[in-house]
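Mind having a look at this structure? Questions to follow.
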């Protein structure tokens, strides 16, 4: 599953395809937040801000507004104080939540241990809540933010039948909600989807990945229409940016487990 | 201002078996680890731990059998994996647990700091957490008395004790959190008892010079303890980063079934 | 009505008697707040803190905790930034209100344009709310704090039938509330009262003031039992403290109008 | 970050006739007087002013016939006496007014900043203000859904515009309030539009160096105006005290029936 692409002389890792895909969800007028355990979103936010979305408001779980990309060093904990380097302001997570409650143009990256065809997510438990087979870490901000954000970007580095299930064991987070000003994107190590009335709509497959491979690794059928484009890979300059922010290669951690 | 500076053995007496407790920090940042060691040393039991996104603090207290119940939005070690002792205890029902969500638990703590009995919070409706908390008595779906719309009422949380690690404090309890504050100011102001642990004890003149840096004024504090490296192995902004190797060592020993050995060594040494 | 007393070689003004009486309501374990237009309470809080109540938490409408008495200079506006001199912390008024809601040992000084026998106060309007004869400045924190504080100290520099009325035109603030942990004191330019089941209980008359004089200037009868003591005057040291904090004599302003 | 630095004539266009507005400061401290002068110059009408403890700002705008309604906990000049133009307009019913109480209006602004539709507040029950506000639709006595006790629900206040005078801001809208903050941070964060006026325009590096001093981050601001002495004749902490003589002169002229003359001189000159 680890498809390495060549751009110029450099190999491209699926992590980097995902980072680019995440960055493309960010517009300059957005406010974006990333939480704990979020190396890919953190890099995507930096990438977007340094390329097509210079005015995006960058907020993170280290309570830092717009950390300095020239001094930033991606660390294993997303709350690491080094993620607040040269920040312009301390913005408590609660203040970001207040922005969500006020209906501001907030975007959020969230993971999902299980994701269903409506892009509902489960981060609470495998099995029942009362007697779980696996007690997962918990949904963090998922239950609160998923109904409030304008852009919800779900991601998983484990595109599989175990993650893409017919019905989540527990609804920790809400995905697609009809009639709501909320765009739901799902980005995996194989593909990019949008959530809609039809279910998960396959928007692109990563370089070297087939549509069949994407579908075979899901417990439900995504909606596929016509020719599915290839997810754009980062350019050489973009790769350089990503690598400078993450000299230790922490972006690959989620792929090693 | 009254003298509040005491040693850890004295301060830990403020905690009673069965108390609800909240700690400063999130994940691997500014968690009052040195004081948590004192809690384990003192053999405290049946604690009810409440926090937004805890990690090693919850996990090690659970391993040390000090915990009856936990309430959290997420417990884990981020990229390093699940919290092994929490997970085992939760799945085997050795402890009670209730999962929360960041926007509810942080607002519950903020309401507690404000003296409000409850607070209304948007979002959340439609998730399976609502039923869990309505059963627990911590949340209730109500009608907004002005708009008539459904909204979630979240009962305020006022823990029995908050233990807050800060960079600088004076002997009277004036305390300065530098950098990320998380919900720590609300935890401090809403708790029934407040224990401050500090990297440095500074003169009160420091606060007279920089009053805006006084994030928790003295009258909230019940005890101040000088604990340099008091958040280790988690980070203390402006002082030290997390010691990821030490945290990995903890996890490795847990996975090898040697957590008691780790705790023994930790309690004994330093 | 301006009774000047001699202490040593210095004349004592009713303002100073009132400051001393106010200070005596403050205990070391209290948290005390003063609002706008409050020169006498401000001085009383300093006096208490420098004498019998060193640990009282001093909060004011300048958002300042424990301003430095050695640098303090009483100014016409109680929110003057000079009332925050060398403060230990900025404490927003809302934070003090939070303390009140949490049931802390909070004390507050409040004025009253009208005060009745239960120590209810009116600061809203003379006449009806809808068509007031006089629109008063408004109750400020009165409605919110009077039911919450543990010590309510009302003051007026105009002990008169116009202030002490049978029934206030508008209940801006609650005075005595049976069964509540709340001590209500009324300090005037003539006397000191406590509010109780019986109504206003005359506790002391200021030096040179007679009980008759006190009663004649009220529209209702206060409760008087036995010999009424004289309100203690500040000592020479206390006067010195007061004068040092208020070199411009702002404490007399309310008496000049 | 987007450029927000504009001149006052441009910024005043953000205000529409009929808007609800709140200003920074209380009484004679950090009131955005220079911008209020621009509001009068621009001939704005039918404004609904909302604040905790205003003074000259409300009074002079009322005198200038810019005001339809006011909401306040207290309006006055402290030891200098009642607010003459407010009082006259209120008693003659030239303006509408609703009296509030500090603990309700400040919490309503804080709720507005949090995006909560309403907030519950203790105290107040038993006073005559309750009936006034229930009629207005701003308060409602409800039952705490957890305890069953009666408590006051206060509808959040999100003014159309907040005008906040600060000591330092950068051209993008990062703003630092030094010293007493009152409710200004909540006003700024809860208003639909935010106008910052600043004593000094500083480089953004100032905030990178002292991020804790950034009390209102840039993304809230719609306009930043460089207005040295922008609070005059009220105070700006760390910059200048109130000019009590000027405030007395205003009051004296009002009492002599010369407020129009005062305003004319004020609008024209400096």
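The first chain written gets the first letter, and so on, giving A, B, C and D; residue counts start at 1 in each chain.
As a convention for this text, a residue touches a chain if its C-beta (ideal position, glycine included) is under 8 Å from a C-beta of that chain, and two chains touch if they have at least 3 such contacts.
Keep in mind that what you see is a predicted model, and the values were worked out from it rather than measured.
*Asks:* Listed by label, which chains are in contact with chain A and with chain D?
*Replies:* Where chain A and chain D share a partner, that partner set is B.
*Asks:* Relative to chain D, which chain's C-alpha centre is the most remote?
*Replies:* A
*Asks:* Would you mind pulling out the distance in Å between where the CA atoms of chain B average out and where those of chain D do?
*Replies:* 37
*Asks:* With centres defined as the mean C-alpha position, give me the chain A-chain B separation in Å.
*Replies:* Roughly 28 Å, centre to centre.
*Asks:* Cα centroid separation between chain B and chain C, in whole Å?
*Replies:* Once rounded, the distance between the two centres reads 41 Å.
*Asks:* Among all residues of chain A, which ones touch two or more of the remaining chains?
*Replies:* Chain A, residues with two or more chain partners: 64, 84, 90, 100-101.
*Asks:* At which residue positions does chain D touch at least two other chains?
*Replies:* 107, 115-116, 121-122, 179, 211-212
*Asks:* Every touching chain pair, please?
*Replies:* Pairs satisfying the touch definition: A-B, A-D, B-C, B-D, C-D.
*Asks:* Provide the residue numbers of chain B that touch chain A in the complex, in ascending order.
*Replies:* Contact set of chain B toward chain A: 26-29, 52-53, 72-76, 78-83, 86-87, 90-91, 93, 97, 99-104, 106-107, 110, 121-129, 132, 179-183, 186, 235, 237-238, 241-242, 244.
*Asks:* For the complex, which residues does chain B have touching chain D?
*Replies:* Residues in contact with chain D: 114-122, 137, 140, 142, 144-147, 149, 151, 153, 155, 178-179, 211-213.
*Asks:* So in the complex, which bits of chain A are touching chain B?
*Replies:* 35-37, 39, 61-64, 75-82, 84, 90, 92-94, 97, 100-101, 123-124, 129, 131-148, 170-174, 177, 250, 253-254, 257
*Asks:* For a test of understanding, state which residues of chain D touch chain A in their complex under the given definition.
*Replies:* Residues of chain D touching chain A: 1-2, 113-116, 174, 189, 204, 207-208, 211-212, 214, 217-219.
*Asks:* Looking at the complex, which residues from chain A come into contact with chain D?
*Replies:* 31, 55, 57, 64-66, 68, 84, 86-91, 95, 98-103
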